[in-house]
Amino acid sequence: MTDLTHLNQEGEAHMVDVGDKAHSSRTAIAESCIKMLPATLEMILSGDAKKGDVIGTARLAGIMAAKKTSDLIPLCHPLALTKVEIRLEADAALPGIRIQALAKVNGQTGVEMEALTAASVAALTIYDMAKAVDRAMEIGPTRLLKKSGGKSGEWSAS
Amino acid sequence: MTDLTHLNQEGEAHMVDVGDKAHSSRTAIAESCIKMLPATLEMILSGDAKKGDVIGTARLAGIMAAKKTSDLIPLCHPLALTKVEIRLEADAALPGIRIQALAKVNGQTGVEMEALTAASVAALTIYDMAKAVDRAMEIGPTRLLKKSGGKSGEWSAS
Amino acid sequence: MTDLTHLNQEGEAHMVDVGDKAHSSRTAIAESCIKMLPATLEMILSGDAKKGDVIGTARLAGIMAAKKTSDLIPLCHPLALTKVEIRLEADAALPGIRIQALAKVNGQTGVEMEALTAASVAALTIYDMAKAVDRAMEIGPTRLLKKSGGKSGEWSAS
Amino acid sequence: MTDLTHLNQEGEAHMVDVGDKAHSSRTAIAESCIKMLPATLEMILSGDAKKGDVIGTARLAGIMAAKKTSDLIPLCHPLALTKVEIRLEADAALPGIRIQALAKVNGQTGVEMEALTAASVAALTIYDMAKAVDRAMEIGPTRLLKKSGGKSGEWSAS
Amino acid sequence: MTDLTHLNQEGEAHMVDVGDKAHSSRTAIAESCIKMLPATLEMILSGDAKKGDVIGTARLAGIMAAKKTSDLIPLCHPLALTKVEIRLEADAALPGIRIQALAKVNGQTGVEMEALTAASVAALTIYDMAKAVDRAMEIGPTRLLKKSGGKSGEWSAS
Amino acid sequence: MTDLTHLNQEGEAHMVDVGDKAHSSRTAIAESCIKMLPATLEMILSGDAKKGDVIGTARLAGIMAAKKTSDLIPLCHPLALTKVEIRLEADAALPGIRIQALAKVNGQTGVEMEALTAASVAALTIYDMAKAVDRAMEIGPTRLLKKSGGKSGEWSAS
């Protein structure tokens, strides 16, 4: 197991040097979900406009949050994202909404945090928009599904 | 069950009018957790400085994220937070780290989103700092524990 | 005609002192519009999902921009907005889209800039989403429709 | 006419993939203007210091806004701008002030939105600084004048 | 000597609770200065336009930075500033430029950090604009001159 | 002595064109310090947790501020920083704390402002956390220690 890369030799936090890493095309996909009462899910899904707006607001919030990742996560490098896409899908079995977020960059460091942040903020936005009817909603598990590019190459959640 | 308050009569998203709500002291406490390999937790906890920095970085990231909530969640009102406090605790049973975030305001709208955002970003920060050794960490459940103040008064997770 | 209030006696820019102004409920409504080719408007309006997303994205962008007003306009005071609402309407006569933005606050200074900024950014967002098919779109006139509250009271565009 | 590029096949908003586009030098020039009472223009122009500050404040607000474009416009990519320049000119015929904004980048996507955002925020800043004497000022038309670089190459407003 | 107020009983960083403090009118004035070569100062001061822009840009940067204080300083509370004013003055004896920044709020916590941040960023901006001709410029001492309001009342630097 | 590069021929502020400058690896190191009462320094240093948090909070604030430089300094270009590292050291002789900040980029413009901003905000954060016990602390001198890369090459403070 390698060392924690964000702590220098004295164990102090710092932004690691990525200046000598190769530029490569990097992609990451993260997922989250939010569980709710069946009636809450129904309310979100009922009516075209309402569905469009709850789901659509969460999608945009996630996309915009991906662009704020280096502002939110203290040791993340600023990145020129080339693509962000978020999919939200109702899942009656939860019951609730499943979220997948994809981020891409051509750069010297990965986009796992951008994908995870996008998925998390999309879920928080759904909570915000439905909390008046259901405060007990639960977000998670939020996790990385896969990543590609960079020295460590491909990785997929088992 | 009341209507979704962030959608106006045509179902379009908007920031609801809180201008006529009473000013009251409002508090919210949210929790999240992040599950990891036992070796990852050990590495985070080993050594005073290292522990201080992973945990300390996550705590600050969460506090600062609480202040960015209205910038992240599209329909949240900007709030003059009067207090934010975050506690992180290792839990060998997960194994991983448990996070509780408290937010307070004297205002016309609640601070649930601030507490949930703080807890989520603290968890994402731990993921960022330990991801080089453990990409399979999972965040959640992230949920509201309790809130007080405002017209709806006290609420606690069951 | 009174003096320019943002310039002190030496003519230097400064944030004027509003600390002694009365707290009152203040509202402002601004409008903008964006003119485009008939085919562009048709494309935006065709299909439920597409319509929902162009219009819906512009609406959210405008709401979020209202909250960034004091970050964008150098001498604006930070404000705790209590409401933001944006309406977008296709107008075949332009042809294009009309935008109205309303902002509200209980405070010591007005919300004209918040309403104008919201309307402007909503229009810019439509430009962004349709520019691949129509670079010649034109935004404006962007103007204040009315305001209420504060020492100067009611004002309406003639 | 090509499809709206910011909507995927289901019509959902997303940040389009620019990762495979060629890097090229891209420039865009946008213009806006703000019309006002003759007395308002005179007041802005009277006195060296005052002129310096109204015009100078608007110029800086525009430059700084160009750097916030991807934060304001939901589906814009973050860009490493290499140049921003803004010119403001009194025009007695309006009467009012004309604004031109130029943005440049070496990158995979264009800078039209950066130039349009800069011009818009410069105009909004003039409104803010003169609104105490003239609430009826009107901003626009705001439009792209020309762009160069990228697959679509040169484009000029007719 | 009282305890460090930003560390809770376990010594962890947190945003202290100001919710029970009285609302009062609070003011703070901070100063900074930047020392440079005589030729650098001359160049900044030579020509009306140039002087206006270096000094004017620094003034605006300071005002805008005051509004970002709670975003920059991790444990600062967000504040609705009611006034910010910055004065810059050439001082041939330094040689260089002296900066004073005043911030005001009606609130539950002081504005010392807002005044200090404004003065610091104004000085950094001068450095930025003149660094091509003089990299050895030095900023400081940056310090609080006086504050009023709040439980601790008046304080002045000796 | 060359001209002030941020003023165009009419002396107006603008973001200079760096689009034709060569990409090179650029580094800058800046320093600041904060002087305080001996008892304040002792309090900061006493107790493991307390030391960790004051120093650790300042370190993170500085790192995060480096990423906000182009948002704070009006004419700075946005940069994709590849590394930021900050060291803080107690110095009984001041008495106080010495700060060094290093920033790195592969790009077309230097990182002096990022290093100076990081050092300044780290110092301001220490002031914030200790001001309840010592309002007379003084920050500075803040200055560039050295830079490398770019057309002007190596530079060191004498």
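For this structure, a couple of remarks:
Labels A, B, C, D, E and F are assigned to the chains in the order they are written; within every chain, residues are numbered from 1.
In this section, contacts are C-beta pairs under 8 Å (C-beta built on N, C-alpha and C of every residue); 3 or more make two chains touch, one makes a residue touch a chain.
For reference, the UniProt names are A, B, C, D, E, F = Cyclic pyranopterin monophosphate synthase.
Keep in mind the model is a prediction, meaning the values are calculated, not measured.
Common neighbours of chain A and chain F (chains touching each): B, D.
Counting hops only between chains that touch, chain A reaches chain E in a minimum of 2. Two chain pairs, A-B and D-E, are weighed by contacting C-beta pairs, with A-B ahead.
Two copies of one chain, chain C and chain D, touch each other, and the residues they use overlap strongly: the shared fraction of interface numbers exceeds half. More than half of the contact pairs at E-F come back, by residue number, in C-D, the repeat among A-C, A-F or C-D.
When you average the Cα atoms of each chain and compare centres, the chain farthest from chain E turns out to be A. Greatest centre-to-centre distance from chain D is found for B, with centres as Cα means.
Centre-to-centre, using mean CA coordinates, chain B is 30 Å away from chain F.
Of all residues in chain D, those touching 2 or more other chains are 12-13, 48-49, 52-53, 56-57, 60, 64, 68, 71, 74-75, 78-80, listed in ascending order.
In terms of which chains touch, the assembly is arranged in some other way, matching none of the line, ring, star or all-to-all patterns.
Interfaces, counted as pairs of touching chains, are A-B, A-C, A-D, A-F, B-C, B-E, B-F, C-D, C-E, D-E, D-F, E-F. Residues of chain E touching chain C in their complex: 25, 56, 59-60, 63-64, 66-68, 78-87, 104-106. Touching chain D in their complex are the following residues of chain C: 1-7, 10-13, 32, 39, 43-44, 47-50, 52-54, 56-57, 60-61, 64-65, 68, 71-76, 112-113, 116-117, 120-121, 123-125, 127-133, 135-144, 147, 155, 157-158. Chain F makes touch with chain D in their complex at residues 8, 12-19, 70-71, 74-75, 77-80, 107-108. The residues of chain D lying in touch with chain E in their complex are 48-49, 52-53, 56-57, 60, 64.
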